[in-house]
Amino acid sequence: MSRPAAPNGHNPGPDMPIALDDARRILDSQPFSRLLGAELTAFAADAVELRIPLRPELLQQFGFAHGGLIAYAADNALTFAGGAALGPSVLTAEFKINFLRPVKGEVLVARAAVVHAGRRQAVCRCELFVQDDAGEHACAVALGTIVAFGPATEA
Amino acid sequence: MSRPAAPNGHNPGPDMPIALDDARRILDSQPFSRLLGAELTAFAADAVELRIPLRPELLQQFGFAHGGLIAYAADNALTFAGGAALGPSVLTAEFKINFLRPVKGEVLVARAAVVHAGRRQAVCRCELFVQDDAGEHACAVALGTIVAFGPATEA
Amino acid sequence: MSRPAAPNGHNPGPDMPIALDDARRILDSQPFSRLLGAELTAFAADAVELRIPLRPELLQQFGFAHGGLIAYAADNALTFAGGAALGPSVLTAEFKINFLRPVKGEVLVARAAVVHAGRRQAVCRCELFVQDDAGEHACAVALGTIVAFGPATEA
Amino acid sequence: MSRPAAPNGHNPGPDMPIALDDARRILDSQPFSRLLGAELTAFAADAVELRIPLRPELLQQFGFAHGGLIAYAADNALTFAGGAALGPSVLTAEFKINFLRPVKGEVLVARAAVVHAGRRQAVCRCELFVQDDAGEHACAVALGTIVAFGPATEA
């Protein structure tokens, strides 16, 4: 994650929460997230929501969402949840994902939240769903560690 | 994974190994893998190699490869390693990935191998590297479970 | 897991739920669980609770509960949650655990629940807490896969 | 991990490697490791070996080694591998384990090594084996993160 520098160059940090619009600009500054068409629809330490419309380029050979796309969504939702707690200069150190069922539908939704945050590190979880005409179905679950990196690393 | 149906519709299974060319056709039948530009350069239960040239669309906001891209590469390399042992009708049930360092370079390389395979399930590991002018550097490591699904599921 | 054979030798399966008393007998039939002093205080697919009084033999060199003990508690609580959904003949295929803080207190509590269950496999999660004079504190979180093994495997 | 304070109270750190005898004293200072009968037979960043004779108290109800015991062995071998790289004041932040087969035999052996170490954190892997009359068989594989904690935290 990252964010456009605030006018005074001040790092907002976890005590000055990043607003949803700012978080959206961070997401939009990731070329890979633009390539995949990811959208951020909620941003708070206890409720990040990332949505990805399932256009044909994102599928595997059977017409299901590719597992790698689902892993991307988990990774990024976990990172944004950690960023909501730790500030904008964070990255995912590790995560684990369990796929619950093949994913076919309109939209992939990843919802992440902080389980426990220290000053420099947050353990976050993510639940993933697919939305279709019949509603919303759980399709994967993930758990990972987000770490803050020093202000010097931030561009 | 999957593969173009053999002329006689026979499932080759693990006793009739999938050739590298066939495995490449499977990869190429995944729209998401084509979108990301993944190439398969080795295919055996003890040595799958997947390569992804790091073009700008695959990066995050600091110019590093996006973690979600690395997770995709791990997921797919693990699945192909499992497929080399179990046959073409497999999917990743779960995996875990640890990121070792930010990834900047020319090509992301994922090398996967089977750790242990039963008849219906394989535990596989994957090591990921980035190649640049100075050589090759480890950048992530993953471990996961690949499961075979019944022939009825295969298109 | 396992259970004393029902008088008629019938495997109760997920459709004939295992009662808490039966589940306790299963736990008590594990020599390792007796060695560690584990107690089962709730047993349902959405609410397994395992408790371990933190006697001195269970600690590491700083007086905290040993990480291996916490991993045991997660592993076993996950397995019992899976067993509540799948029947008594199950085992843990894999799990991941994140430690949130050093554990010092009176009792380690592991609470597990099924996230998603098929016929032969369940993905389960577990949250772990330590209880002391000041109340209850989250200390770890885990996520794993429980699989059923065939009736022939059961003694 | 920890170690008896050196006479001058100096923390040896990663630049003054911990000797095998010192590492054994650390293991022996863990009441839980003594309860389980764990022995350290090799200690280096690229080769930690922990052995646990499989006495009856360590089994589950079918006579196999309890999964929680295997998880303990993985956790502790990972921690010692991390300690060999980072110094004695380390703890396991998280790990994941895949069980490959039921474990029956004489001795459980966990072999761990550092995959990548920074100054404060090491990613380590562990392979577990069971030894019986017929030789040695792989039974589990693990991957995790070990972190150093500050000198102030060390007793």
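Residue numbering begins at 1 within each chain, and the chains themselves are lettered A, B, C and D in the order written.
The rule we apply is simple: a contact is a pair of C-beta atoms (placed from the backbone, for glycine too) under 8 Å apart; a residue touches a chain by one contact, two chains touch by 3 or more.
This one's a predicted model, so the numbers in the text were calculated from it and none came from an experiment.
> Chains in contact with chain B and with chain D: which ones?
A, C
> Would the interface of chain A with chain B count as same or different, where same needs over half of all numbers used to appear in both copies?
Mostly same residues: over half of the interface numbers shared.
> Let me have the rounded angstrom distance from the C-alpha centre of chain A over to the C-alpha centre of chain C, please.
30
> In angstrom, rounded to a whole number, how far apart do the mean CA points of chain C and chain D lie?
Chain centres of chain C and chain D, defined by C-alpha means, are spaced 23 Å apart.
> I need the residues of chain B touching at least two other chains; which ones are they?
Residues 93-94, 96, 98, 123, 145 of chain B each touch two or more of the other chains.
> Using the touch definition up top, name the residues of chain D that touch chain C in the complex.
Contact set of chain D toward chain C: 1-2, 26, 29-36, 56-62, 66-69, 71-76, 79, 91-99, 102, 155.
> Quick one: in the complex, what on chain C touches chain A?
On the chain C side, the touching residues are 96, 98, 100-101, 115-116, 123, 125, 138, 141-143, 145.
> Over in the complex, which chain B residues touch chain C? Could you list them?
Touching chain C from chain B are residues 93-94, 96, 121, 123, 145.
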